[in-house]
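Each chain gets a letter, A, B, C, D and E, in the order it is written, and its residues are counted from 1.
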Amino acid sequence: MATTKTVYRSKIGLPPGTLVHIGKKKTDKVVISVFDYDPENLFEKKDIAPEECASLKDKATVTWINVDGLHDVEKIGKLGKAYNIHALLLEDILNTRHRPKVEFYDEHTFFTFKMIGFDKHKTQITREQVSIILGNNNVISFQERPGDIFDVIRDRIRNKKGKVREKGAGYLVYLLVDIVVDHYFIITEHISERLEELEADILDRPDEGTLGVLQDFKKDLISLRRAIYPIREAISNLSKEADEDTAKYFRDLYDHAIQVSESLETYKDMVSGLKDLYLSSISHQMNKVMQVLTIMATIFIPLTFIAGIYGMNFEVMPELKWKYGYFGVWVLMAIIFIGMLFFFKRKKWF
Amino acid sequence: MATTKTVYRSKIGLPPGTLVHIGKKKTDKVVISVFDYDPENLFEKKDIAPEECASLKDKATVTWINVDGLHDVEKIGKLGKAYNIHALLLEDILNTRHRPKVEFYDEHTFFTFKMIGFDKHKTQITREQVSIILGNNNVISFQERPGDIFDVIRDRIRNKKGKVREKGAGYLVYLLVDIVVDHYFIITEHISERLEELEADILDRPDEGTLGVLQDFKKDLISLRRAIYPIREAISNLSKEADEDTAKYFRDLYDHAIQVSESLETYKDMVSGLKDLYLSSISHQMNKVMQVLTIMATIFIPLTFIAGIYGMNFEVMPELKWKYGYFGVWVLMAIIFIGMLFFFKRKKWF
Amino acid sequence: MATTKTVYRSKIGLPPGTLVHIGKKKTDKVVISVFDYDPENLFEKKDIAPEECASLKDKATVTWINVDGLHDVEKIGKLGKAYNIHALLLEDILNTRHRPKVEFYDEHTFFTFKMIGFDKHKTQITREQVSIILGNNNVISFQERPGDIFDVIRDRIRNKKGKVREKGAGYLVYLLVDIVVDHYFIITEHISERLEELEADILDRPDEGTLGVLQDFKKDLISLRRAIYPIREAISNLSKEADEDTAKYFRDLYDHAIQVSESLETYKDMVSGLKDLYLSSISHQMNKVMQVLTIMATIFIPLTFIAGIYGMNFEVMPELKWKYGYFGVWVLMAIIFIGMLFFFKRKKWF
Amino acid sequence: MATTKTVYRSKIGLPPGTLVHIGKKKTDKVVISVFDYDPENLFEKKDIAPEECASLKDKATVTWINVDGLHDVEKIGKLGKAYNIHALLLEDILNTRHRPKVEFYDEHTFFTFKMIGFDKHKTQITREQVSIILGNNNVISFQERPGDIFDVIRDRIRNKKGKVREKGAGYLVYLLVDIVVDHYFIITEHISERLEELEADILDRPDEGTLGVLQDFKKDLISLRRAIYPIREAISNLSKEADEDTAKYFRDLYDHAIQVSESLETYKDMVSGLKDLYLSSISHQMNKVMQVLTIMATIFIPLTFIAGIYGMNFEVMPELKWKYGYFGVWVLMAIIFIGMLFFFKRKKWF
Amino acid sequence: MATTKTVYRSKIGLPPGTLVHIGKKKTDKVVISVFDYDPENLFEKKDIAPEECASLKDKATVTWINVDGLHDVEKIGKLGKAYNIHALLLEDILNTRHRPKVEFYDEHTFFTFKMIGFDKHKTQITREQVSIILGNNNVISFQERPGDIFDVIRDRIRNKKGKVREKGAGYLVYLLVDIVVDHYFIITEHISERLEELEADILDRPDEGTLGVLQDFKKDLISLRRAIYPIREAISNLSKEADEDTAKYFRDLYDHAIQVSESLETYKDMVSGLKDLYLSSISHQMNKVMQVLTIMATIFIPLTFIAGIYGMNFEVMPELKWKYGYFGVWVLMAIIFIGMLFFFKRKKWF
């Protein structure tokens, strides 16, 4: 937190358009890799220099430039210059805390959103910003760290699987976004499973930590919602601007995005349902505790009182001299005991 | 859950338009059956091959092709090819977790929604996806399993009941959707009855399980809402695209869909009302328990104290020697006892 | 409930437009009565045959046909045929569970809504469906049972009170709806009074039944809302389609409908406020009970302990032999007693 | 309440446009007073007859007619006739329970809203309906009772303060509404102060009455909201219809109306925050009570038990004969006592 | 509070457009300072007289006039006259309680919003009103007190950093607003940190003050929301009216404003989550207290009863004479003790 804050504060006062990387450095070196293809030919190079990319700009082939890592501001600046990218747009790419949006510039369509995944041990949800710039025949994608999520697309391009080699840059953007949205579904399924486990736990035996877990859960959902909700509008805008053929695909994607949002909404309802369930379990439990205490106390208090009476040391206490006095006291106590049991039975306390 | 997840995950990375059945296999064999009719003639065949269907495509008669089961991807692919159905559209049909929607393609109108029913023992609500493709003079409907819900329409076609034989393919779609929406009403009535039973239970004697039942209930309502709500918009869109005569019917259907949604909304309110009722019963009960405990303890604690006093073994305790000491203690205790009763009476504790 | 359900289920499978009465039979015989008037002439007849009505259709005078009771499907069907009413529209009239709406057909404007009243003993709110068909120069109104609510309008027509005889059919519709909306105000006033009684009850002494009453209250409000809310939109649509002169009246009516809705909204807020008040009273009461118990127990537990000490039978207990031992114990107890009282006073427990 | 109800019910059945005063009679005599001015001349008269007003109607000067009191239906009817006011409009003016709105008639703009003030002892919020009719060069304002709120405007007219004498009737309407909206700010400030007092009270020592006060508070806020919210839309509509110069003023007023609404919204949030604070104080208090009870009971119960043991009268009880038996028991008790204190210390119970 | 109120009340009755400073006087002297620049030249003067400013009005260079302090109504009035500023607009500038808005006048665009910062000790959030008037080639900014927030912009102008010297007055406005919005981010980060501290506190050990802190927190959030929300709409309107080049920058700003709003929304959710967490901790704690009490009481009550029995003084009590009577009683008590422990173990009470 401290790091981010410092960075953000240091940014205040800089002229707009000044390139500053806001976020954590998640990889060692910023690596640019490139795919350049048409239905027949394919050129692929990893770790290319930004200057070399420039030469691919005006070719009729589709060019996909992928940038892994955002901290090398100079390198990205060069790439931006080569592809004529607006300074504000580069600033947004470097600010990893930006909310998802699509923006239409004269030469470019800019699309930024969040990739949601798990950390290594699958215990925490991770967010990573992905930005895509769609120009004429070229696509530039930016990721915070090298990831294997786009490998399936690279594979399809290399092996001519599906229609990617035949279609244009817009279809490639669709594929990139589609992969990310598909991963949203995996997250929602993971959440759904954890919710069911939690419900079972609460019904079985609620403990002190449950509410903390639910609170964390809710924070995760809020954070996911902030990452995922705006993408709906962005995809909808993309579909309106795309050519008719690609638009169909984006509309399909839009349906998926809505479905993910609805799932999140449902989970939020379920989390608050679980909270109620937990609180009610606690209060039910307290009720049971109270009943046990009340039954015990109420039965034995009068009995102990009677014992106390005949423990008094008055000189004149005729009962103490009766032959069956002691026996009579036991009978009296038994009557009280049984009467109390009947009373609680009638009250349905056990 | 595990199955679905695996399927969904395995889908990631496949090129869009690849046909994959997402959902449970609910029938053994995918069966295609066909009705082809005009006011005079009727051709009916069960378990027809997809290739044979193709021959019916360009006839002036209305053709209704019904597909039961979705797991035979190849068979459905053939049918899709015969009727020129877009790959994305077939993908949506096979994904049984799709949200209800209508989509207009050049040649087809695509409509997918959920059929809601009960399982055999009427204890659980079941959801099944129904998809309908309305082309020129033909209707193709897809169900997850063979069902008898559309039999009344088959019967009307066979016996020329109503106007179905005189009207076109749009009217047939209306009939299919109408049947499904009518079943929604049955579900809402069932829910309404169960809510009243639950309320009676809670007022009679709330037990620990009640909140779990209410939580399940709420989950059912959320799930129904997700299945039913989008259908309103879909029907509304259908009515806008339909010819004026059919549009009237769809507008009527739209009213029904709204009415179902409103019922669900009402039930949701009532479920949360019942939850409050339950929680308040619990707390009222606890209050009663506390009062019993307090009355008993508060009455007997001073009496036991007095008994304790005269159980002390001091050598000099003049009261112990008094002739009426013992009697006097009883009188004192009776006064305290009656005073306490008056106190609680005034507090209206019993 | 059972009846309705059976009826509704039996309807499934019938071709649309089949006339089925859905609802309870609330009168013995369906009675059609007619008013036919212009500024000079008035023709009035009770219990007219549907065929006879047909003759009035093309007259230049305003014709008001009122139908009491809906179960005689055949009779209403004849009337519908005479006035050329669409089958779907008749179906809606006969389904008493329809939500309020206005629908514009080529020849007719169809308006259906709920009349809200009390049962005989004024303990329960009753809902009755009223449907109005406005044609060219004629108005057909349908009620579930004969009622005196429209008698004031009949009176005005007969006695030329107000402007009804001079104005057209649209004005007559306005009068009919106006009467019904005015009755909504009476209901809201009744609710407001009962809310104030309830609040007084809760502040005076909350008992176990209160929450049940509030829950019933809330159900009533939900049901009223469902009956009244859609009428706003319907009246608004009516005012848009009416001629400028009548439109003014409908806009006025629209204001009233909004006012009723806002009252209901307010009452809903107040009911939930009362629920909070009740729950807090309960918990306040429990707090008081706990304090009484704690004060009693905390004062006497140490005193009883001291008495217990000197009730022990050790041979060597020097205090027992002291001359002022017994007196000293009393002094010690008095000190503890007073100390405790000070402690609770400081804690402001009484 | 009863009065209002009777009035309202008696109105049902009357033809629309029939003038009935709905509300309480708040002044003895309905008094009409008039200002007629242009930049040079001023005519002022109190208690003018409606007929005399008519003569001012077609003058080029601005005429402001103010009516105090609404119960003299006949007098107001005459004024209405003189100024050609629509019957429905007069009906709305006389119904003091109308919601704020603006309505545009051919000759008039009609504006009705609520003046909010305090009663004499500043303990209760009062609502009074103010209606304004803006015609060509004339303004007619209706108040329920004579009030001094408009005196500052009268003063400005008399003394040519500000621009009122130079501007037209629209500007006068603006001034009237402005005064009323300014008084809304005073109310919101009063509410804000009382909220802060209440919060201090709750934090200091919550008592049983607090929730009733909060409930009353909330009812006040709901009532204010109903009175004030619709005025925003009304002022917005007024600004759209006004000439450009006056429109600027109305837009400014619109900002004020929004600000008041937002304050009310904020106060509503704060009231529910206070309710939570109160409930939590109660439950915190109960927790403390429970802890005191538990500490006392838990420490002394075992000690009393030990005393009870050595109070038994068995013939063979070796400890009783030990020389240091009594002393040993005291040591044992001290150990238990201190152990318990440590236990509660560790639990942070005091 | 009292001051503000008095001021506001004293304003009622004044003609609109009368200049009154509403708010606290936060600086000693109202100081006007001026920057006048084009790409080549720069004129800068601090504490300039309003009359002198007038001469800069019609120059082609960009003029930025900054006013620190609002209480010198006369001075500001003169400046307003010099720059032809509408009286209503000046009134809004002087009313520091105005809500953020943008307003378009013929010659000016008026923009008012809140600067959010901390007081010296960083313990409280401060609000200050900033108003900006954008005219043709000139910008007038008003602050309540002299502040260093705009110094970075002054620095850029002086040293030709960034593009400010090359761009027009619109770009300068953007820079001023940008700085303020950037400070909103710092506030949200501060809030986020405090929320995490609070959560840790609540989980560690909730105390009585926590809810008061949360309530204060919520009030801060509500106040921030009121200050920040309207700015979104205002910036959006600014971007629509700006030239295409500046519009891009305002759209970027709009995204930031939305991001801040969303953060506030999230924090509000989290505060209510913390409140639930706190309440649940309290009730969990109470449950634990109850269990300790119940365990102690329930174990020792029967044991004390037994001791009471054998403390009775009946002459005939055979057990007292048994050789192993005392030992037997201890065995019996041990059995009861162990049985109770098993019972509570099974109930999972410890």
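In the analysis below, a contact is a pair of C-beta atoms (placed from the backbone, for glycine too) under 8 Å apart; a residue touches a chain by one contact, two chains touch by 3 or more.
Source: prediction; values computed, not measured.
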{"item": "Length of the line joining the C-alpha centres of subunit A and subunit D, rounded to whole Å", "value": "42"}
{"item": "Whole-Å separation of chain centres (CA-atom averages), subunit A against subunit E", "value": "26"}
{"item": "Sites on subunit C at which at least two other chains make contact", "value": "283, 286, 290, 293, 297, 301, 304, 308, 311-313, 317"}
{"item": "Overall pattern in which the protein chains touch one another (line/ring/star/complete/other)", "value": "ring"}
{"item": "Order in which chains appear around the ring, subunit A first, subunit E after it", "value": "A, E, D, C, B"}
{"item": "Residues of subunit C defined as touching subunit D within the complex", "value": "152, 156, 161-164, 174-175, 178-179, 182-183, 185-186, 189, 192-193, 196, 199, 203, 248-249, 251-252, 255, 258-259, 262, 266, 269-270, 273-274, 276-277, 280-281, 283-284, 286-287, 290-291, 293-294, 297-298, 301-302, 304-305, 308-309, 311-317, 347-349"}
{"item": "Interface residues, subunit D side, partner subunit C - complex", "value": "1, 4-5, 8-9, 11-13, 15-18, 86, 88, 91-92, 97-99, 101, 103, 205, 208, 211-212, 215, 218-219, 222, 226, 275, 278-279, 282-283, 285-286, 288-290, 292-293, 296-297, 300-301, 303-304, 307-308, 310-313, 317, 319-321, 323-326, 329"}
